[in-house]
Amino acid sequence: MIVILKENAPKEQVKALLAEFEAQNLTIHYSKGERSTLFGLVGDTAHIDMEKVLANDVVADVRRISEPYKAANRRMHPEDTIVEVCGRKIGAGYFSVIAGPCSVESQSQMEMVAESVKASGAAFLRGGAFKPRTSPYSFQGLEVEGLKLLSAAKKATGLPIVTEIMSENQLDEFEDVDIIQVGARNMQNFRLLKELGHCRKPILLKRGLANTIEELLMSAEYILAGGNSQVIFCERGIRTFETCIRNNLDISAIPVLKRQSHLPVIVDPSHAAGNTWMIQSLSRAAIAAGADGLMIEVHNNPPAALCDGAQSLDMPQFAALMTDLKRRVEFEGLELQG
Amino acid sequence: MIVILKENAPKEQVKALLAEFEAQNLTIHYSKGERSTLFGLVGDTAHIDMEKVLANDVVADVRRISEPYKAANRRMHPEDTIVEVCGRKIGAGYFSVIAGPCSVESQSQMEMVAESVKASGAAFLRGGAFKPRTSPYSFQGLEVEGLKLLSAAKKATGLPIVTEIMSENQLDEFEDVDIIQVGARNMQNFRLLKELGHCRKPILLKRGLANTIEELLMSAEYILAGGNSQVIFCERGIRTFETCIRNNLDISAIPVLKRQSHLPVIVDPSHAAGNTWMIQSLSRAAIAAGADGLMIEVHNNPPAALCDGAQSLDMPQFAALMTDLKRRVEFEGLELQG
Amino acid sequence: MIVILKENAPKEQVKALLAEFEAQNLTIHYSKGERSTLFGLVGDTAHIDMEKVLANDVVADVRRISEPYKAANRRMHPEDTIVEVCGRKIGAGYFSVIAGPCSVESQSQMEMVAESVKASGAAFLRGGAFKPRTSPYSFQGLEVEGLKLLSAAKKATGLPIVTEIMSENQLDEFEDVDIIQVGARNMQNFRLLKELGHCRKPILLKRGLANTIEELLMSAEYILAGGNSQVIFCERGIRTFETCIRNNLDISAIPVLKRQSHLPVIVDPSHAAGNTWMIQSLSRAAIAAGADGLMIEVHNNPPAALCDGAQSLDMPQFAALMTDLKRRVEFEGLELQG
Amino acid sequence: MIVILKENAPKEQVKALLAEFEAQNLTIHYSKGERSTLFGLVGDTAHIDMEKVLANDVVADVRRISEPYKAANRRMHPEDTIVEVCGRKIGAGYFSVIAGPCSVESQSQMEMVAESVKASGAAFLRGGAFKPRTSPYSFQGLEVEGLKLLSAAKKATGLPIVTEIMSENQLDEFEDVDIIQVGARNMQNFRLLKELGHCRKPILLKRGLANTIEELLMSAEYILAGGNSQVIFCERGIRTFETCIRNNLDISAIPVLKRQSHLPVIVDPSHAAGNTWMIQSLSRAAIAAGADGLMIEVHNNPPAALCDGAQSLDMPQFAALMTDLKRRVEFEGLELQG
């Protein structure tokens, strides 16, 4: 961390500030120039509040040199982390596809879709029981009933299930869930993240629509710091000025996350695109860029879907997509799970 | 709502779609052109899921004409709403300033700041007991103890209190709070919003960093639809490409919200700026643009603040600011509360 | 400028790098820590190419401490610059309103609008002769004929004229223009900026839709570095994720530009809003935030305007607006020009 | 195009508006509801100025249904366009790599790099003679001398050359250039685009940092409307809120442009990334997503580069990259040119 002092900062106050840092076991490198004076702080600076330093009268600016995340940092953990669930692996060369409808609607639907996506090569079944909807007048999900239908589909097909949690209150209800998803809008719901740090299930952490990659890493840090080391990142498109598509899939998030962290990264092309015709192209790009998996919306009858029908593939479309993607997973030397 | 059909859409399917809309008591205006055919839907379209319509094979595009919010819409409620708390009014010509530290730190701090901001003209005391922090290693607030210190400061000074809630679990603990704040990161925490719809306290709803004004209105709709009509909007800066300031105060949100909705709008210049030197300029602009109030961070000793020190005014700075702002509130013909 | 070295950077290469900087008359402050080593460069660093430093094998990161602009920097020129044109001043307490149609359409139009805005209190007449249009099928302006109509209106009313240049080729044709406007899309047309540095007319430099304030300052630097010290900044809204308005007026650009630079700043609420109903609110905010002037679109018959009719005030609307704004300019202690 | 009328719009005025559209040979579909009345316009609406319609007193809103671009539209030209230059093809299954330094620096440099990239499989040589730099104090290119060095390198190696034009003034100087590049900052330099419409060379049109895909298509339309049908799009990253990378490569621009237009699309991973370590990942993604080519910066000695050294591969790195990319081009069934 580098602290830049104001011109003509009174010596007494500067000394007091330096003493404060020394008391925190930080080594100080002081550097006085003609126009500007600065010092570098060396040691464990992750706990330093930059805002607080900046509030000091003698400080002109503060810059962080090292990353503020530790447990999620590849420096601290050079090997790729593999998240393993019910015998399926994600990360470090193992590639998994999560598929299913946006929302759980009925038992027959879930069983039909689960059977179909399994046959096509999906490793996990997704389905929303609790739905975060922009409008209070939209379908909000089957809630606890939806979780039961997911469990039934899991029992019928053997596919482990992935579903979204909305609040730390719900953890008990999620006992039968295999991977707990944190949605984009909850990426910085810190109370939820803290509780997930204490549970022993893998967490699929979606990036918020306008959250930086560093913020995503810091949210993972909340979970890891609590003792849960099984976090999977999910890039699902970011909000920009562009209006002709719903969100812009941030393809560069894949190499950045892989370089900065050891945790697996999957991509959700369905939410990024908001339509079906772009899913193949984005899925291919994600695999080529180094993703460890994909999460794709599949519905038995998209025009009748209670949620996100416009972006849901039907079952034959998904089967065709998987045929294409399998060739690509193999080309990359990855091992498809499922 | 306008539905644009694909070229050469099969008549049978189009008929089925039209029948579906008629079953929802919507009037249909069909319009067939040479290259494109479209129809307008008239009636209560707030319940229609655009995604679902778009998922239909014969549909090329769907556009919403009327706003998807109803209770928050000025069309439905042409008069300005006044939120009244402990004898202080916000909205329709009544202007209130909320002031206090980012986080509650100690009893002496809260009493000192509360006395001071009251003397300077603030109508409400703010202070965070539960702090949403990007890093798990940062100070997370005094939590329940912080709420007690806020209550004590209220008792000592008579200033009603405003503080942020993090989860629907906490509602019981917030009984003594006068205005419950929903933070930017929770603007789309729909479970929290639903619960707040059932409580009988005014809600200060902050706009998310990258949420559209329509999404903000829809989040208010969650609270209003639940039966709680006391919602105050808070614009606090949006996330853009600009890097030299923390967030861009969206000054146009004030006239837009005032036009589209009847609910009061306040502005938080402290979080937008992320520094102290811009607060006067932004506060002045907010008053001139039509805001109903301001929320400003004030600390007894900013360089020692446990949170957001860089953007906190000290008490004399706040007093000087209020002297300036009072003249402006009067110039606008507003009635300062406090 | 701070250069952070890679861990285990070979001494030989570091030495070579340091020698390179010393050869540029920079003083080096070297600071070696346990995990990271860095050095600060003191002296005239505006000429250093950060990219080039970053390309060095031993360099992990580079951060600029001091601003890369010099002539536009308030540090180098603490007093406010006043731009004076035909007896009207802009900056340092002098406030000017520029008004007129988006595009010059006819002699009768220009004379009618010029007379009217002059009577209402405008100090300058604007009007586009060359129009940058997104579509090649839209009206592109009357071009040289438009410049003549502007000159005629100036002769008839005495109002100095402001109009947009599209290319460095046109400078000869702009001899009779009083303030040359650089449009948002040309803010980084560096060949044009260089030529404008050699001319002796004031330049109204509009901020690009997605350009940072630092980039705007650097574009001004091009003009100033060429010897032309009369630059006026114009904030006209930035492009963000918000879709319900055309652009977001960046109100914070006013205090930032005023702090970082000595040059005057005006605001164009018409292009930011893209409608007429928001103009009063944004104009009021701009004055309160510290702007030195406003540029407002006024048309004799907006529904018949060949360009930007939706955002043009008609002449009575502008007169009413000016009555309101005059009170506000006076309240701020500014001297209205015209 | 759909025009939504205001409630209680006077019949006379509505009639006048309808008459205006009929006079433009547009068919009108009128649709009157209880609360809102609207009409659809069918015919050639590309010439209609939405702003003008919106300025009409009786109009509440206007929405475009069909795209405003015609010549660039795939509807008008269903087959992929192939741009052919000196025997190399781009588009419709032909894949080309353009490589070379950011800026032309010397004859020895250009010959060395040209030989090397040719040997590695590049089909075109790039190099900037005129450099658009944010700072007036940065290296601005060798200008006309740079063009001569490019020609010499072309003569020596047979590689056709690609270089950036800055102004319509320069067209004569660009006679020996094979593909004229329009830089991101000039994407809406409409005078330049118009002139390029009259020349007979292929144009590489880079997307602006914050320009929508529709705006990019409209800029191509300027060139096509002038009679030049050889336009190649180049996606080079967009500006967003993310700060840890320079720009976000918009991978979805590839499928969108391919669907909406018949023109080829290439990707510039170097400018998007702003570093070297991300180039492989982004290049792979671009090929998989359907790009028709890549433009990559290669320098003989990146740390000594006068421009953009941090993102330039050295020659062995490029050779290694090409080995990887050739396998991928082949996997996609594309034919590598060169």
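First chain written, first letter: the chains are A, B, C and D, and each begins at residue 1.
The working rule: a contact is a pair of C-beta atoms (placed from the backbone, for glycine too) under 8 Å apart; a residue touches a chain by one contact, two chains touch by 3 or more.
None of these values were measured; they are calculated from a predicted model.
Fewest steps needed to get from chain B to chain D, stepping only to touching chains, is 1. Set against one another, A-C and A-D show the most C-beta pairs in contact at A-D. Chain centres here are Cα averages; for chain A and chain D they lie 32 Å apart.
With centres taken as mean Cα positions, chain B sits 26 Å from chain A.
Chain C has its Cα centroid 40 Å from the Cα centroid of chain A.
Within chain A, residues 210, 239-241, 243 each touch two or more of the remaining chains. Chain B contributes residues 210, 212-214, 238, 240-245, 248-252, 254-256, 259, 272-273, 277-278, 281-282, 284-290, 328, 331 to its touches with chain C in the complex. Chain B meets chain D in the complex at residues 2, 4, 27, 29, 31-36, 38-40, 42-43, 61, 63, 65-66, 210, 239-241, 243.
On the chain B side of its complex with chain A, the touching residues are 46-47, 49, 51-52, 54-57, 68-69, 130, 132-140, 166-169, 185-186, 188-192, 194, 209-210, 215, 218, 221-222, 225-226, 239, 302-312.
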